[in-house]
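Contents: one structure, followed by commentary.
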Amino acid sequence: MVEAITPIALQNDETILLPERIGDLTGLDQFGVGGELLAAFLAAFIVGNLMLAMTGVAGPWAKRKITAAFTDRIAVNRLGPAGLFIIVADSVRLLSKELVIPEQADRPAYDLAPIVVAASALLGFAVIPMGSGIHLADPEVGLAYVFAIAGIASIGLMMAGYASSNKYSLLGGLRAVAQNIAYEIPLVVTGLSVVIFAGSLQMSTIVEAQAATLVPLGPIDIPAWYALVNPFAFVLFLVANFAEVGRNPFDMPEAPTEIVAGYQTEYSSVYFVLIYLGEFLHIFLGGAIIATIFLGGPAGPGPAELGIVWFLIKIWAVFLLTQWLRSAVPRVRIDQMIEIGWKGLLVLSFANLLLTAAIVGLIT
Amino acid sequence: MSIGIEYYVLLSMGLFCIGLFGVLTRRNALMFLMSVELMLNAANINLIAFAFYHGNLTGQVFALFTMALAAAEVAVGLGIILVLYRNFRDVDVTVPTTMRW
Amino acid sequence: MAVFELPGWTALAPALILAVTGLVLFVFDSISPNSTNRSLLAGTAAGGALVSLAVAVWFTFAGVGTPTVDGGLGEISILGGQLVVDQLALYFMIVVAIVTALITVASYDYLVDHTYQAEYYSLIILAATGMSLMAAANSLVTIFIALELASLPSYALVAILKDNRGSVEAGLKYFLIGALSSAIFVYGISLVYGATGHLQLENIAAVISGGDVDGYGGLLGLGILMLIGGFAFKTASVPFHFWAPEAYEGAPAPVSAFLSSASKAAGFVIAFRVFTTAFPLGETTALIGVEWTHAFIILAIVTMTVGNFAAATQDNVKRMLAYSSIGHAGYALIGLAGLTADGGEFVMGAAMMHLLVYGFMNTGAFLFVGLAERWEVGRTFEDYNGLSTQAPVACAAMAVFLFSLAGIPPFGGFFSKFFLFMGAIEASAETTAMLAVAAALVVNSALSLYYYSRLVKALWIEEPSTTRDRLAQPTGLYAAIIVAAVMTVVILPGFGPVVDTALEAATAIVG
Amino acid sequence: MMIEALLAVALVGALVTFVAPNRIAGKLAFAISLVPAALSLWMFAAFDGSGNALLDGTLAFESQVEWIDLGSYTISWFVGLDGISLPLVVLTTILTSLAIMSSWTPIDNRESQFYGLILFIEANLIGVFAALDFFLWFIFWEAVLIPMYLLIGIWGGPRRKYAAIKFFVYTNVASLLMFGAFIALVLGLGDGVTSFALPEVANAMLNGGPDGLFGLEGTTLASVVFVAMFLGFAVKVPVVPFHTWLPDAHVEAPTPASVLLAGVLLKMGTYALLRFNFTMFPDQVETYAVPIAAIAVISVIYGAMLALAQTDLKRIVAYSSVSSMGYVILGLVAYTQFGIGGATFQMVSHGLISGLMFMAVGVIYNATHTRLVTDMSGMADRMPVAVGILVAGAFGYMGLPLMSGFAAEYFIFFGAFGAGFDYAPLFTALAMFGIVLVAGYLLFALQRAVFGPYRLETDYEVSRAPLHDIAPMFVLLGIIIALGVAPDLIFEMITDAVDPILENGGEL
Amino acid sequence: MNDWIAIGALALVGLLIPFGMMAVSYLLRPTVPETSKRATYESGEIPTGGTRVRFNIQYYMVALLFLVFDIETVFLFPWAVVYLDAVESDAISLLEILGPMLLFVGILLVGLAWAWRNGAVQWAQTPRQAATDTDRQ
């Protein structure tokens, strides 16, 4: 009874994905499966390092610059143009620090946590269409996949908090989990209100659906970006997303004034780098999701080859917003955070979902 | 890319047996719960694989329901285990012996 | 009687009414979380159960499920046959509703100064919803969902006395074995699905009859075996009976009554439906090489023997009742063991009658134990000595329950048990093993008379071992117990309609 | 609907009395029990049936309603009276009223429950004698046991628990045996019968009989069923060697319960024997006539000898009942008009006489708190009336002419002499020897207990019994003498019901 | 070309990068073993007590709540996906498409309201509540 399993649900295959392009360019696709695998690996390598580079820029440099600007200071400006070389210096500094591991640390978990945090964030980008053909994979369950992968991070945080055997870390981890789960549901449900418009979970389809014209405004057409179609959902999603990535005003998992640094208290050297990296990747992943399902993905004026540029601009805009809030908004208390999540956002997101559905049903 | 149905069945049976083993050997209520979850997910694998195999979606849909019910079961179970801990200061299923077994 | 003018889904009314009642209770509790307004909550719950009962009875007499050739409305299938309302379904909906009503009324007194009033009642009602959905479920999906809907609240109910170690332990054990069995059940479902490619019972039967599953005989057989495991848990029969004594002894008495009567009945209705509808005996035997009735013959004998012999050795009344309920599960299993390729509706009908009568007498017996717990007279036979000097009426009712459970006239238990015996004899024409079952039935009944009359002796003949002060007379408990006793007696002259309904339902499902 | 009325009155009365306050329970129960008594007497007067209930005779007060339809079989509410059952019904109702009155003195705790149970028993006894559908009959039959079990268990003497359990177990096992046998018979009859109505089963048996079951062929099955049912009923009667529960039960039971036990419950066994074995299985009766007769005679002699050895008055009466029941069996197995008729007559008469004896003993016991003949002497001085009635009853037992006992035994012996089976005269002669023994032990006991100088080994102040203790005994004595003077009061209707039985075997 | 191969490849990369960085740091970093520095950091104080502290029950409540609510989205996903097609195909009325989900969410919200009113999602209790239901936790 050896029979092939034939997938039922068909996906739209017209989008040409990065691995195939590379296969064409390098001629790897003649070499059968092996070639395909190699091509896929190359593509993944490109995407991975792109993200790495972005975080590299953001973490040591952009973050400081932005915060400095808000606090009317001049941040790093010694090394290189506009102090850009601080990136190299910082990475070397951090990597060459001694790795101090607490005695009662729960070892395997303690070591795994940073990797989980970093890798989970990176994996999310697999399905994000970044324009200019930089689109690694396009499964028909893309959106669900992203939410699922992003959710893994909280496991990593919990591991970190638990394994460090430190009261601060434990509390931080718990807070991180409580916060993630509190805002996971509003996030997903609001995302679903977009799916109702697009009628698919596939990222490429969602992006294409936003290419339509909402209202022609003189010469330029306002595109049907869902941020414009359903701004309410956009705001909800934005708020929930900030809580998900644990940034102000929802950064009590690592509230330095309360519990030192939360789950990362006991981490140093490369482990700290990884967690730090993971957090920034998460911020960018959140930005990527927002850009994709609300801001039309890589869409923008000019030729399609510029897609990646527009996409990066949108991501960085979200990043900028997070940093802005970081310096502008105070931190909420844990109980406030929980109540906002369960009593406010959850109800609002359900209401948004049903209203969207009703309106869509009525107008069509 | 096509994989024979029997591999899926073998996988799920393996998973099921692991879960059963855990159920039979573990004394910690939480481990017991996890083992049961393994068994349920083994069933899910079966359902989805067979759904592809038979070319109808019934199995997939049922798998969704199974997940939901499994979660509900875990919720109730954790609640009971919490009360257990309150009363017996332990989550070892062999500790409570108020009534003879 | 304008049932047929209503849309199809209203045929589920008995279950839906219960569901709504449960939600209403939740709303009550959301409005005033700490309210312990017992009369309101118990009233709502009992009211819902009674309305559901009334509707089910109305449908039955309005002819829902009776074949249209007999002037009935035919069976109504909902959601494309996922649920089906026929006589079998209605019959067991009635059983569940009756038990639920008794329980809720009795709980009114049992739960005095209990913190979680509303939760308790809504859990009871939701579990009842699940059970009456089980009666109507016609697809392995709906069966599993209804089963869980009935089980999950039950776990919580058993453990609802949070500070009572016995209750918590009982809840844990009930939950662990329940979770295990439901996992096995789902795996069985997945295997059956793999073999047949369908989850709806008729389609499964069609595939099996078509013989399209040749390659998967083994898979199917294994799946059926696992399904039997699931039923065994729900009906508290071997091999998944371990939980029963613990759960029933530890749980609050009304909950024990609920589980041992309604839950058992619900478990049996899905067993009846699945094995008669989905796995037609002849064709299935051709595929898996062995008749599944043999499994039930063995289970029936072992279960009734284990239950009764264990019960005979108990000193704790509640535990004795728990084991005896295992024994009764064994009796009811005869209804499945006696099925034959070309009939057996009589024996199945007998099992259904037994479950109905059992719903009254067993519930009453457990409620009496609840009354005794309320009086705090203790748990063993000795503690019950001479209760009749102080509470003759309740003790008379208990005597009625016990003699009826033992199956001696003039009580309802006599007829149902005798019909089971007749059915076994009848079936023995096909399978000689049924003679052994009939013999086991007789022997176990004789044995059960011993330990039941032990309790009667303690209640009526022994002198009180200790001097008790006056015993309270809680209204609700008394009312429930007396109603149950009256029904146990009255059902004997009224057995005609019961037999007709049960036999018609069985014929409809078997034939 | 008369029978339903009887049952309804008794059952409702039982419930009412059960919940009535203890003070008035006794009087209330007596008042209620008068209604069935009156009704049954009216029915006795208005009796218009003829022939045997099972052998398509015309029934009196018949009513039949379909009850349960099992497809292949139907069970129905089917009651009716014929010449055999009517006298027993009357006996039941009258004896119950008198028993209730006679228990006002001895019963002094939980009265309401006591009288409620008595009335419940009465209802079921009426049902047993009136029911003509096997299931109906069996339900009443079994329903008698539970209240009697409780009566003995709660209000009995020192060894009451043992006695109650013994009674319960013996009779239940016997019922189970009999029940299984009858079901096997019905199944064996196959399509011959479509219901459990006794007449139908009887007809099916008499034309053709069963056609085998589980590999047994018809005649074997019939014999097995006959033996099984005979054993089942024999425990109830009881006959030696199944009699051991009886002395315990009688001695431990409170007086009124013993009255009912000896007066009516034992008759259930013989009545069932007559209805089932001796009506449905004429061939088997002829086959097993000799062993049955042997058992009967053994019961007579052995019972009498045991009675001779007792010093407890109650025990003496109990064993004497065993021997009297032996006469009944003998009469039945004789299978002649006078035999069976006499047996039936003996049921009634023994019911009356043993009831009388137990009451008398009870009255004496109430006063002296002892029943041992060795403890007392010359009671005649102190309680002349009670003792007088006791003596009268004893003479009734011995078969003094002009008392019902004489007529009954005369009929039986007359019938047994003419019986068809081997050695019938021999058996009868042996049985007659039993009378001598009866006279022996009764006179011996009386001579020691009630005559001679007054001596009492208890420190109770013996006074005359109150009227409501004596009155029932006078009533009974009256009936006994009436039946003795004019047996045809009931013997006619009895023979009228018995004759159809003999048409299927035996000789008129 | 299956998408999941690419995703698997990215997973590989996602593991390679951390391990690479670890390798680099292993080459660079010094190791000066000294036990005192490995003690648990509590803002420089001497660590007190174990780290397995019993934390607020509310974390647990919220987790349970999440377990139930998050799983319900399992049912929302398929519905949301097919919703548009279902609406556009006028085979079935809007009520049949929207009604069940309204009912479903309605029941969910009843549950949420119950949890809300019974303080499952409430971090700190007001004194009144603490007085009325002490064993709520």
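A few remarks follow.
Going in written order, the chains are labelled A, B, C, D and E, and every chain counts its residues from 1.
The rule we apply is simple: contacts are C-beta pairs under 8 Å (C-beta built on N, C-alpha and C of every residue); 3 or more make two chains touch, one makes a residue touch a chain.
The shown structure was predicted, so the numbers you read here are calculated from the model rather than taken from an experiment.
This structure's chain pair with the greatest number of C-beta contacts is A-E. For chain D, the chain with the farthest CA centroid is A. Geometrically, the chain at the heart of the complex, using CA-atom means, is C. Centre-to-centre, using mean CA coordinates, chain A is 16 Å away from chain E. We define each chain's centre as the mean of its Cα atoms; on that basis chain C and chain E are separated by 39 Å. Chain A and chain D, compared by their mean Cα positions, are separated by 95 Å.
Mean C-alpha positions place chain B and chain D at a centre distance of 67 Å. Not a single residue in chain D touches at least two other chains. In chain B, 49, 53, 61, 72, 79 are the positions where the chain touches two or more neighbouring chains simultaneously. For chain C, the set of residues touching two or more other chains reads 162-163.
By the touch rule above, chain E contacts chain A in their complex via residues 1, 3-15, 17-19, 21-22, 24-26, 28-32, 35, 37-43, 51, 53, 55, 58-59, 62-63, 65-66, 69-70, 73, 76-77, 80-85, 87-88, 94, 97-98, 101-102, 105, 108-109, 112, 116, 121-124. Against chain E, the residues of chain B that register as touching in their complex are 1, 61, 64, 67-68, 71-72, 74-75, 78-79, 82. Of all the residues in chain E, the ones that touch chain C in their complex are 107, 110-111, 113-114, 116-119, 132-133, 135. Here chain B touches chain C in the complex through residues 9, 12, 16, 19, 23, 29, 32-33, 36, 39-40, 42-44, 46-47, 49-50, 53-54, 56, 58-59, 61-62, 65-66, 69, 72-73, 76-77, 79-81, 83-84, 86-88, 93, 96-99, 101, going by the rule given at the top. On the side of chain E, the complex with chain B involves touching residues 2, 60, 64, 67-68, 70-72, 74-75, 78.
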